[in-house]
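Please go over the structures that come below.
One chain, chain A, appears in both complexes that follow, with chain B as partner in the first and chain C in the second.
Coming up: the complex of A and B.
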C-alpha cells in the first residue's frame, strides 16, 4: 500500500476527519511550553518540537484512578475504572513509539507467569499514535545510539513525513491503522518522486545523528560498576529532583495511594521517581539507597544495564534527549553511558 | 580517556564575551593559587557542560579541574545549594550576589561557618540570562546549537544553520532584574563592581499574586500551577530548602499527597512558600530549574514583602538579626511597635 499525500494546509481538514471518530490530541504551545492538548478550533498545532512532557502521560498518567469502592457491613461494591476512550495522539516523536513498546514489555509481559498491568494495557489498546518524523534531529537527540531511528515505526500506527509544503502519511499496518486513511478529496496516493524525496529526508536525518554520535550504547559494553568515581561526581551536583524521570518516556515507576472515608474509598496511583529518598524508604526506617549517589547510580544502571539484561539487550532509553535538555545541572546520559562503556572496555 | 570521546558533545563551550573571559581567567588563577597553597580543599564553581547553555556546578579539587572552571551569563544554579554543612574542610566558592545572600542566610541560620570555613570569590553580576526565553525564541531547546554573548547582543546558532540575534537586555532573568544586591560584600571581588547603589530599595512586581486577595482568585492559581509536575526541582535547587527531612519526604505522617491533582500541587507550593517566606533571597534558581517554566517565586514574593514591612528584615542583606521566622513569637509584632 502506497503512502498518502496531502497539502500542509489540509492538515486541519485531516484532523477534523479523525476527530469525527476519535478523540484527537495535538501538540500545542502555551506559555512557551509544548504539551499535548485536545484538538479544537482555537489551538494551533505545533509540529516538530519535542513536546516537554512525553506521550507517557497517555499510557501511564501522572495520576490515575484505578478503582473506587463503597463498603458497608454486608456488601462491597467495586468499580474498576478501566479507561475505554479511543484517542489519537497526533504529532508524537517516533522515539516515543519505541518508548511505549519498551514500557509495554515491562508492564504487559506476554509470558503467562507474569501479571499484566491492565490499565496500561487498556490505554495501549485505546491509544493510536501518529508520529511526525524528525527531519532535523535536535541537539539532545541520540535515538540512533539506542537502536531507534528518526523515522522509525516501532510502536506507531502511522507516521507523517514533512516534505516542505506537503505531508506524506504512511500507515504501519496495525489493525486500527486502516481507519487513519484520509477520506474523500484528501485521499491521494504519493507518487514515486514523493517517496524519493521522503527517502532523502530520512537519509539526511540519519546522517546528522550518525555524524554527531560516536557513542554506541550497548549491553555488552556496560558493566555493572558500582564503585566508579563517576557516581560520586554526578551525585555531587545532582539535585535529586524528578525532572529526568518525569520527562522520560520510558521511566514507569509509580506509587499507590489509598483513600477511605465514610464507607467509600478509592485506589489510585501516581508517578514516583527513583531520585526521591522516599522511593526506597522501608517502613522500619532503613533505606537501601540512603544518599544521592546510590539513587543516581540506580537510575542509570537501570536504564543501561538491568533493563537490557531482562529484555534481550534493549536499553531502556530511546534517546529523546528530554533529560539532557532539561536537567538543571547538566547530567547527561550520553556522557555517562560513554564513561561506563569505556570502563567496561578497560576491564575487559 | 572518556573526555576525548565526549568532546563531541561539548558543542560550544566557552564563547563568552571578553569581560566574561577575564572573569573566567581570574577565577581559574585564584582557584589554582588557593589549591596550590592548600588553603582550601576545593573550589566550588561552574564548568561548561554538554549543551551550549549548560553550566554545571563542580567542586574543583585538582589544578586540572580548576583550569576548567568558567564564568558567563549561564551560571544559573545557586552554588550555596552545593556547599556541605559546617564542620567540613574549608572550601572556596565562586559567588555572585544571590549566592552571597544565601551564604549570609545560611550563616545566620547556623548551617555554615562563613567566616572560618568558606572563602568567597565574589563576582559582581550583571544578571544571568533566561535560557527558557532563548529556547522559546529558537523555537525549542533542542534547536540551539550555540550561543555567543557579544556586548549587548546574544547570537544564537540554530540546528538548521540559521542564526538569531537577540537583545541581551530582554533575555535577563526576571529574578536578576529585581536583584537587590548584585555584588557580594566579600573581601575578594574578582571583577570591577557594577554600580548598584539604587538597588537596595524594595521591589514589588506587578504580578497579580502581590494583591492581598490572590488566594480568592482560584483561576489564577490554577492557570499558574496547572502544568506543575511535582518533580520538586524548585525545592531541590533552592539553597534554603536544606531540611534533612522535608515535609514532602515524610511517610509516617503523610503531609503531602504526591498526586498531581490541583489540591496536591497547591498544597506543596503553599507549604513551601510559607517555609521560605522571610528567608527567600529571590535568587530565582527555582524558576531556572523548573522544567515547566512556572513562576514559582511569585508566590513567595508577597510573603517576603510582608515580612520586610513588619520586621525590616531583608533576607541575605540584613546581617545583624536572625531571620524573623526563626525567632518569631506571637508577641513579636507588638514588641517591635513598642
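Coming up: the complex of A and C.
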C-alpha cells in the first residue's frame, strides 16, 4: 500500500477527521515547554521540538490507579481499574515507539512464566501512535547509536514524513492503522517522486546521526565494571534529582501506595526513581544502595548492561537525548557508555 | 480468542484466625490466616506452593509487604506468617486481632529446590524472624509423605536469649522425634538447663556439625551477621558453595519483577529468587 500525501495546511483537517473517532493528543508549546495536549481549535501543533515529557505518560502514567476497594471488618471488595479510553498521540518521535516496545518487553513479557502488567497492556492496546519523523535530528539525539532510526517504525501505527510543503503519511500495518487513512479529499496517494524525496530526507537525517558514536554493550566482568572510577566521578557531580529517570521514556520503576478513608480506598502507583535513597531502603535501616555512587551506577548499568542481558543485547535507551539535555549537571549517558565499552574498561 | 490473564495485583481476602506473641520482646508475632473463599485457597495451593516462597500481605489503606510463608503446603489450607514489627505495615499488622480481614497475593518467588534436594542430608540453620520459611521447610520435610525422600535432617536454631526462640511448641514436637537432630542455642542464659547450647550459631556449627560431602545441603536464613559468620564454619565442614542456600531479601513493592527496586545487578530477587546458592551469590555484584 502506498503512503498518503496531503498539504501541510490540511494537517488540522486530518486531525479533525481522527478526532471524530478517537481522543487526539498533539505536542503543544506553552511557556517554552512542549508537552502533549488534547487537540482543539485553540492550540497550535508544534512538531519541531522534542516534547519535554515522553509518551511514557500514556502507557505508564505518573500516577495510575490499580485497584479501588471497599473494606470493612467483614468484607473486602476489590475492583481493578483497567484503562479503556482509545486515543491517538500524534507527533511523537519515532524513538518513543521503540521505548514503548522496550518497556513492553519488561512489563508485558510473552513467556507464560512471567506475570503481565495488565494496565500497561491495556494502555498499549488503547493508544495509537503516529510519529513525526526527524528530518533534522536534535543536538542531543543519538537514536542511531542505540539501534534506532529517525524514521523507524517500531512500536508505531503510522509515521509522517515532512516534505516541506506536504506531509507523507505511512501506516505500519498494525490492526488499527487502517483507521488512520485520510478520508475524502485528503485521501491521495503519494507519487514515485514524493517517495524519492522522502528517501533523500531519511538518508540525510541518518547521515547526521551516524557521525555520532555507537553505544556498545559492555561485556566485561561485572565485578570489574562495578569498581570502575567512573561511578565515583559521576556521583560527585550527580545531584540525585531524578529528572533523568522521570523524563526517560524507558525508565519504568514505580512505587505503590494505598489511600483509605471512610471504608473506601484505592491502591495506586506512581513513578519512582533509582536515584532516591528511599527507593531501596529496608525498613530495618539497611540500604543496599546507600550513596549516590551506587545509585548512579545502578541507573547506567541497568540501561547498558542488565537490561541487554535479559533482552537479547538490546540496550534500554532509545537515544532521545532528554536526560542529556535536561540534566542540571550535564551528565551524559553517551560519555558513560563510551567509557564502559572501551575494551577492558578504562580505569579512571 | 486471547486467553484472559489474571491480574497480578488482585488480592485474596484472608481472615486472621490466631495471633501469637512469639518472643519476649513482643516484636515478633505469628499470625494464622485462612482464606475466605475456598476457590482462592484451591488456587493458592494448586500453584505448587513450595516452602521458601513468600507472599505479599496487604492491609487496606496501609499497603503491602513481602513475608516468607511459615506454613507448609502439607498443612493444607492453613497459612502462617511470623512478622517482625519494623515499619508502617508491620506495625499496623501487630495491632490487628483475630477475626479481622486482610488481603494477600502469592505464592511468589521460588521455594527451595525440593526436587533436587531429594536423597540429600539437609541442614536447616536459622535465627530470628527469617526462621519462618525454615519452619515451613521442616514441616514439609517431616510430614509422612515426604520424610522418606530425604536423608538426615539437622536443625540449628539460635536466638539471643531463651525468650527470643521461635516456634517453641513445634520444637518440642521435633525434639521428640528420632529422625531429626535438633540443636538450639542462645547467646546467653542464666538457666543452664542443658536444653540449649550457649553461644552463637556459627559456634554451634563448628562444634556440632559433622564433616560432610557433596550430598549435604545447608539452608541458611537469619540476620546478615549470622549468615556472614556461618559461611566459614560451613566451608570448613565441607559444604560446597552450590550446596549452601540462602534466602535473600530486599525492599519489594510489586513482587512480579516490574517495579525495579529489589534487583542485585541483573538479578531480580522477587522473581528469580529469593532462594540463591552461595555460588550464585558470589557471582552477583556487591550491591546488597
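As a working rule, the second predicted complex is superposed on the first by the 325 of 348 C-alpha atoms of A that agree within 3 Å, B and C clash if a C-alpha of one lies under 4 Å from a C-alpha of the other, contacts with A are read in each partner's own complex, and residues count from 1 in each chain.
In the analysis below, a contact is a pair of C-beta atoms (placed from the backbone, for glycine too) under 8 Å apart; a residue touches a chain by one contact, two chains touch by 3 or more.
This structure is a prediction, so every number in the text was calculated from the model and none was measured.
Following the overlay on chain A, a side-by-side fit with no clash is recorded for the pair chain B and chain C. Once the two complexes are overlaid on the shared chain, A:75 sits against chain C while remaining clear of chain B. For the superposed model, the angle subtended at the Cα centre of chain A by chain B and chain C works out to 90 degrees in steps of 10. Of the two partner chains placed by the overlay, neither chain B nor chain C lies in contact with A:188.
In the superposition on chain A, A:255 makes contact with both chain B and chain C.
Looking at the shared chain after the overlay, A:237 reaches chain B, while chain C stays out of its contact range. In the superposed pair of complexes, A:281 makes contact with chain B and with chain C alike. Using the contact criterion defined above for the overlaid structures, shared-chain residue A:23 touches neither chain B nor chain C, since it reaches no partner.
After overlaying the two complexes on the shared chain, residue contacts for A:272 are found with chain B and with chain C alike. Once both complexes are placed on a shared chain A, the shortest Cα to Cα gap between chain B and chain C comes to 6 Å. On chain A, the patch touched by chain B and the patch touched by chain C overlap at residues 255, 257, 272, 281, 283.
Per the touch definition, chain A reaches chain B in the complex via residues 31-35, 48-50, 52-53, 62-63, 136-141, 212-215, 236-237, 239-243, 245-247, 255, 257, 268, 270-273, 276-278, 281, 283, 321, 324-332, 334-335, 338-339, 342. Listed in rising order, the residues of chain C touching chain A in the complex are 5, 7-11, 13, 60-64, 84, 86-87, 90, 99-103, 224, 249-251, 253-254, 256-266, 271, 285-288. Those residues of chain B that touch chain A in the complex are listed here as 1-2, 5-6, 8-9, 11, 49-52, 54-59, 76-77, 81-82, 132-133, 135-136, 139-145, 159-160, 227, 229-233, 235-237, 248-251, 257-261, 264, 288-289, 291-293.
In the complex of the two chains, the chain A residues touching chain C come out as 66-67, 69, 71-76, 78, 80, 82, 106-107, 114-118, 222-223, 225-226, 252-260, 265, 267, 269, 272, 274, 279-284, 286, 288-289, 294, 298, 301-302, 305-306, 309-310.
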